[in-house]
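Next come two complexes built around subunit A: one with subunit B, the other with subunit C.
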Partner chain A sequence: MAMEHIQAEELAKEFKEHSVAEFFKKNKQMLGLYGKIRTMTTIVHEYVTNSLDACEESNILPNIEVQIKELGNEYYEIIVTDNGPGLTEKTVGKAFGQLLAGTKFHRMIQMRGQQGIGASGGTMLSQMTTGKAVKVLTGTEKGKAISLEITIDPKKNVPKITNMQTVERKFQGTKVQAKFKDVIYRDSSTGPLEYLRRTAIANPHARIKFKGPKGQKALFKRTIKIIPKKAKEMKPHPHGVTVDELISMSKYTDAKKVASFLKNDFDRTGSTSIEKIEKKVKFDLNKDPKQLSWQESEEIIKAFKKIDFIAPNTDGLSPIGENRIKKSLNAIVAPEFVHTITRKPKVYAGGFPFQIEVGIAYGGNAGKKADGEGRSLEIMRFANRAPLLFDAGSGAISKAVQSVEWKRYGVRDLDSIPLTVFVNFISAHVPYMGAGKQAIADEDEIMEELRLSLMDCGRKTATYIKRKLREKERLMQQDMFYKYIPEIARALKNITGEKEEFLTTKLEKLVKEKLGLEKLQENLKQEETEPLENEVIEEVETSGEKEDKEKNTKENK
Partner chain B sequence: MVKKKTKKKTQKKTNKDNAEKVASKIEKISKEIVSQIKKEESPTFLTSQRGRSNVEFDEKKGVLQLGEKMTSRNFLNLGHAKKFMQTTLVASKTFDYLKKNKTASIREIYYELKHSLGSGKENTFEDQTESDSVIVDLEHSAETIREKLNLHANPKGALYGDITLKDKMHNNDTFNMLQLGRGGWSIMSRMEPEEIEIVKTNAKYVLVIETSAMYERLVEEDFAKKNKAILVGVGGQAARGARRLIHRLYKEENLPVYVFTDGDPYGWYIYSVIKQGSMALAAHSGFLACPKAKYIGMTIEDIHDYELKEVTEKMKVGDVKRAKEMLNYAWFQNKPWQDELKRSIKEGVRIEQQALANKSLEFVAETYLPEKINGKKFLP
Partner chain C sequence: MAMEHIQAEELAKEFKEHSVAEFFKKNKQMLGLYGKIRTMTTIVHEYVTNSLDACEESNILPNIEVQIKELGNEYYEIIVTDNGPGLTEKTVGKAFGQLLAGTKFHRMIQMRGQQGIGASGGTMLSQMTTGKAVKVLTGTEKGKAISLEITIDPKKNVPKITNMQTVERKFQGTKVQAKFKDVIYRDSSTGPLEYLRRTAIANPHARIKFKGPKGQKALFKRTIKIIPKKAKEMKPHPHGVTVDELISMSKYTDAKKVASFLKNDFDRTGSTSIEKIEKKVKFDLNKDPKQLSWQESEEIIKAFKKIDFIAPNTDGLSPIGENRIKKSLNAIVAPEFVHTITRKPKVYAGGFPFQIEVGIAYGGNAGKKADGEGRSLEIMRFANRAPLLFDAGSGAISKAVQSVEWKRYGVRDLDSIPLTVFVNFISAHVPYMGAGKQAIADEDEIMEELRLSLMDCGRKTATYIKRKLREKERLMQQDMFYKYIPEIARALKNITGEKEEFLTTKLEKLVKEKLGLEKLQENLKQEETEPLENEVIEEVETSGEKEDKEKNTKENK
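Our next item is the complex of A and B:
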């Protein structure tokens, strides 16, 4: 009945070790751990991303709770709890006590966690600012839960676990409690709450609960209960690889020869292309790939460039989906009108598949509060469902939004319009600008896709605005007619003796028919209440029941 | 006396008959609208299309007439809705006037019907031009004139001469115009036979005078008595009441009508309105026009005949333009008028009635008018 949970033990196999604790200390900027507000948001991001990824990999609908407590001046505790697969004694150390323990940096797979340095970064920062260990409570489906405290040996980059205890009660998931100094909590557009709100929008299958230091509470409900299709690991396309990446890959390959390494570990490389490469390089492709020199790698990359490969495979991309974005924008932003588009996958710079999803929400609570009254344009940027909160003014998304001629769509002033623009950029290789990884480079193909989808959204919004204005006008016209009707009825009654009430009713009916109001209103209502998807909106707490329903809906579809 | 009494009774009856007739017309139109509403059809009434495009000059009758083009006022048409509502209000109110035998000025009915609608930003009528225009609609729909709807405009104009009138709406007061002193009688806005009866006149013709000053001059010179003339001072463009009175003297008493105005486009137009009616009231020319009226002057010829060149004035640009337009008017398509207009344009001068005072104050009464009238020196 149940889909098989991928065991935590299996995931553990993929962890690989690095000694970079010292590096961390010197490069906090690169890891997003600078600025007192930003640091806090980054830590929340690291924990939440880990939770979401872990849940999805194990086919669990994520329930995540984030709590932030203020312990003193610029001194906070962050507690993140999930219902994920949990960790074992073997894996917990690597997850929280070893920097760069995962293989994220070397896998061609679409994932959220391309920013930052993972949960271990939190451990490192906590011990650096407070001298305290991070507390972890974790339990897998099998066996008993454990609680422990963890720090990192900064020189050896190995976890130090203390106070390990078996917990008697049943608990599946992971709860991490970490304390930080020199951080600040704010309810701002770059703070944790906004981060979670946007995360919830881009992850409609997740239920996210938040409790802030001042008692702020927020619950972002699950709007669909289907776990996103797993992104497949993609082999890099030969046109999307640098010399450095080639060398990194060669270190991890299972292939024994360069020829088989090129054939197996890359997309669209067949025997014919290997033969072509063979003729273009000066060394023997039977060489052990682990022995590849920089110069030899350069030769391979040069050879790649000269060969026409089929465009990259785009199967591995996993978009959120138009209807799901629509649903979650409706639920969380609460606008009057939403339009969403998931474009077909495209390729940028010759070798990198990517996909754009755009949503536009208009009216109601869409947009952000403007300085004066009213609301102004809000741009929500995402890379692989992870919100990009910082460097808001730069990057392809902001540039594309600015480049659209909104006036054409009846939007005169972006500073005074209730409009939220949602953009999710999907790729295994997100072309970030700068080390902060908060803005996407304006590659031509990316800009083109962004503009096309934004313009489509613009047109749909314009239609809606126009229809709304027309409706308003009609109502105004009805008001006008209705003001005249009693006068006419009275006058006609005076002359002919016909009953006023009868005349009024009939005239009102005639006016309504003339303006076609009844029909219009009906249409509008229908559109509003029409279910977007047959999926469930209610939250389901028991996992067994949940999967049954899921199966049913899938079959019904 | 006995005879008179009988006549009075008949008159009153006519008046009542008229009111009944007009009221029943309004009732008929209203019932038609009600039946449309019952059938859930768009409530509509017809009225004549007005404006230049539907006004024609009837050469045979010599009057301006409204064409047959009709236009509908449809409540469900956004552009008509308010007018439709306003028309029903005016219809209902005039229906009351007719039933109660009351009359009201068009300003009074405007104030009587004006009130705010709904939230109060909008009124039934924003200003009097709106109710005036609706009154005209109703006149056309009910195929009557406003006087018969018991409505009237502001009075203007004065009457003097040997003519006796009776005000049947006011104690049957009967009075001769020569006995009213130099002021003469103020012509009322409603000059309907049902209300004012022309009892008797010994006059030989009606002299219509453009300016009040010239009218007063002629009264002072005793012109009416000396020449057996009825003087009508219209004071610029003639009001409805004055036009109706002139028409009645022309029609009922068969008196020739002579028009005496300044020699300029404004004066010529005053004449043409008396003679063949106006664009705005083309529908009512039958009640108002005097197709056989004659034009005395001032003319270009007068300037030469009476050596008035020194007291002429230069025509303004607008005057010349207007005169050129008049060259094309259907009723000016005859040689004398074409010559008159062309000469005026060519010489570029205009001459006022009062310029005759250049000769002497009495000149107009003792020389100019008698010479023109007795010598039949008219323009057609």
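Our next item is the complex of A and C:
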């Protein structure tokens, strides 16, 4: 069986390079662009995330409008408008037409977006499925607004801009209009509306308006007019940095000596610790950081590990806040009872600060519709205020919720209870597991803190839930007794000769006293009417509202 | 609350581009490089995949050696050597030091690798975790072998080559040595050894040798000396192409007219269909294909949809083959009984040919060790002969296996049966779900065909399994009776006065006759000794073998 070998030189002719845009065209699932429903939600997520980040960076209270139009079978247009700072002529092309270009990549900061890939991924997908350019209208506070059309040249990964025009009317913000085929809109738990509902819950400072393809309308008004404290760029803690990261940082530093590089560019590294490091390494810390070898960097990291630094600075963490989550959940979920907790920051893996916020909402519209009738447990997971809708089964949050002994807190059956559990994981360094970025890794410290937060919140809700369940049971018992009172009264009448009405009243009184029901009901009534907070909650209309005429005026003048 | 707005012009200063290497450094989970065990298996997979593909492309029977050395805590060296065609000075740098460079990206061909990213991803990770270069030794059949060290310049995504030397001794093939930290070796179901075991099962023409960090040794000898029919490059079928793909193809075609482009570059498009298309589109098919607009391409795709083409050509599919899978499973799994089926090619979504191979192995070492004692169902999933070890719960194959009513085929409890189900999905266009590329999407035609294949194979194994289970039950019954025979004999002795031995013999005979056991055992014995195939199976030593002295000589002169 003599078979001729194909020579390496022959095979070498086939060797080609390709661009990152070509790569992602073939691997769009890596960007979350797979599954007809998931794809649409991912696109909405990318645009909305960019809008929220831009508004916050620029100190603007976000007004965001999302509109989805059905153009044909599995063919839709998505339009997202914000009142953010807008983009300049120089940046707009890159923002929408170049993968891996953006403002966030090299910064250690708690933000929703990071890769500079989302919006350009949308442009790529629009182009792939419809051949059409994405239309953008953008205006800054000082300049004139421009409108333009953007595609990506996939071979070079550079934007192609056409029809650029100056717009006469005043417009500040960014509006993107993009068409997609092979996508489907659904009002489901993984659809765009649910995504926006959860985004609104975790971003009470944002006003989000939605118009769906079947005329569905929702307005999530802001429940608080304060822009979240801007997330600070955080210096890495010496216990949370790898040799490779240290070398990368050493290339970007302005410091002229390793000593000042370590002192300025890291968290909690004072003169004392620099002296300690100096004693532990074999080279001179006056060296130029740009000349650091792997060996030397490894010595520094080893020295770091041996020094007890103060725990990381947590100033950079930007939680939503207990009261704000409570308002949001009350306004949007509309339960009978809510308790929320913003825990103190903790640290995982030695060097990464994180913080957990938990809310438990019970009764009313809490929970999700169960398979049969009634409602069942709903877990709302967030990472830095961005909803995690997919891969619900896996990850630290789901695992922690499932590991809690809910029976202790009055919850007997998670499949049959109107309960919403809200969890927001906050960190500049979210340890996502898997490529989908929808689940958080179950690091020990994270699991521990999640469980403690849930149990803490569980304890605070237990009294209410237990009492409500007892009430429900007693009501059922009462109903049962009442049902038989007339019959018993009739039977007793024949025996005692008393009047039937008299007997009925007596029996009813007996039932009430025995079951202690009236008193209980009063207690509950009192509790419910207690004011939740001293701030007024704006009304939230989630559907059927009249066309809202309100303009996108800035509300924080 | 007057808060100063940060202007767009200010934010624009932060706008930066970054390279694909920087991107994947931050997103290594997208390359399967996450989880300490998974990362190691992924690296072994990438190197072995490249070796197998290279050998097959060059008509060489693969000899692959994988060695893993433990260098410290969570610190390992991985060494993979093949006898493939080798790399030239021009290509070796790109193969190991540039992401998105390779021979396979633009070809519609059934191959294991596709992105030109795996081996370079390994270099990137080695560099990130150890700061060290990857060492490569490579030699072609005609040229001299060279040794060199490769790293990636992450800012530019280009290879950096150092220490290049010509090697005096003769060497053909490629040997890569790379060091990694933060990885763990485990002999688990998702570890490198299990990966190689499955690779060997699906690639009976490959000889794979393994040496683990604790001195573990395994040799999977080839059970067949024939190189698989080389996968042909397949032209896309008109029913399996999108507008975007048509436009991409039109840029690369040599054809000067759209008519000849459609005729030459697609599957099943003869002159008759071109005439039909001509009538359905509004432009002249003599047009230069490079000038095709989206509109016009869309017209072509619409015309395609209206024409009944012959089903796609399936020549490009390269199945393993029933007998070869049987040999592999017998040699490596060592069950009592195996049945295998290679089904005829089918088509999904109208234009994508695929083919299913199924093997069911029962008894002996089939199945995996169950939680308690005994063995339970093991599903071995493959896509184009590459094992899918992760995300076992999801995807079409797992779903199809679970949907089969195994009770029909004698399998009562999947958690307690020595059963291995082997499934190989073959296609140039594997519809992976999710970003991990470990699960196949459950397209209707794929699910249907998977179920049919499993049921077909199930029927063929049912008789054997049922009989074996009956035998097992009778043996248990017999054991039970035997246990009581002495006691009964003693009691009967007192009653009848007969001798105890006589009574015991009588009773034993009675039990045997009643349960019909002897006859059954004979039947089974006969069945088992039937020769499985006329080809001889080479012995497989999976552990404890002596150091194999055999050289990597080519076996197909």
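Before moving on, here are some points about what is shown:
We adopt the following convention: the second predicted complex is superposed on the first by the 377 of 557 C-alpha atoms of A that agree within 3 Å, B and C clash if a C-alpha of one lies under 4 Å from a C-alpha of the other, contacts with A are read in each partner's own complex, and residues count from 1 in each chain.
In this section, contacts are C-beta pairs under 8 Å (C-beta built on N, C-alpha and C of every residue); 3 or more make two chains touch, one makes a residue touch a chain.
Predicted model, so just to flag it, every value in this text is computed and none were measured.
Residue contacts after overlaying the shared chain place A:227 against subunit C, while subunit B stays out of touching range.
Within the superposed three-chain model, A:432 lies in touch with subunit C and out of touch with subunit B [touch as defined at top].
Once the two complexes are laid over each other on the shared chain, residue contacts for A:129 go to subunit C alone; subunit B is not touched. When the two structures are aligned on the shared chain, A:88 is found in touch with subunit C, with no touch to subunit B.
When the shared chain is aligned, subunit B comes close enough to touch A:509, but subunit C does not. Looking at the shared chain after the overlay, A:98 reaches subunit C, while subunit B stays out of its contact range.
Contact comparison for subunit A: of subunit B and subunit C, C touches the greater number of residues.
Overlaid on A, the two complexes show subunit B and subunit C touching no common residue of subunit A. Interface residues of subunit C, counted against subunit A in their complex, comprise 1-9, 11-12, 14-20, 22-23, 25-27, 29-30, 32, 34-35, 54, 57-60, 85-88, 90-91, 94-95, 98, 100-103, 105-107, 114-117, 127-132, 140-143, 154, 225-227, 242-244, 247-248, 294-295, 297-298, 432-436, 556-557.
For subunit A in complex with subunit B, the touching residues are 477, 479-484, 487-488, 490-492, 494-496, 498, 503, 506-507, 509-511, 514. Interface residues of subunit B facing subunit A in the complex, by the touch rule stated above, are 26-27, 30-31, 33-34, 37-38, 40, 42-43, 75-76, 78, 81-82, 84-85, 88-89, 91-92, 95-96, 117-118, 122, 124.
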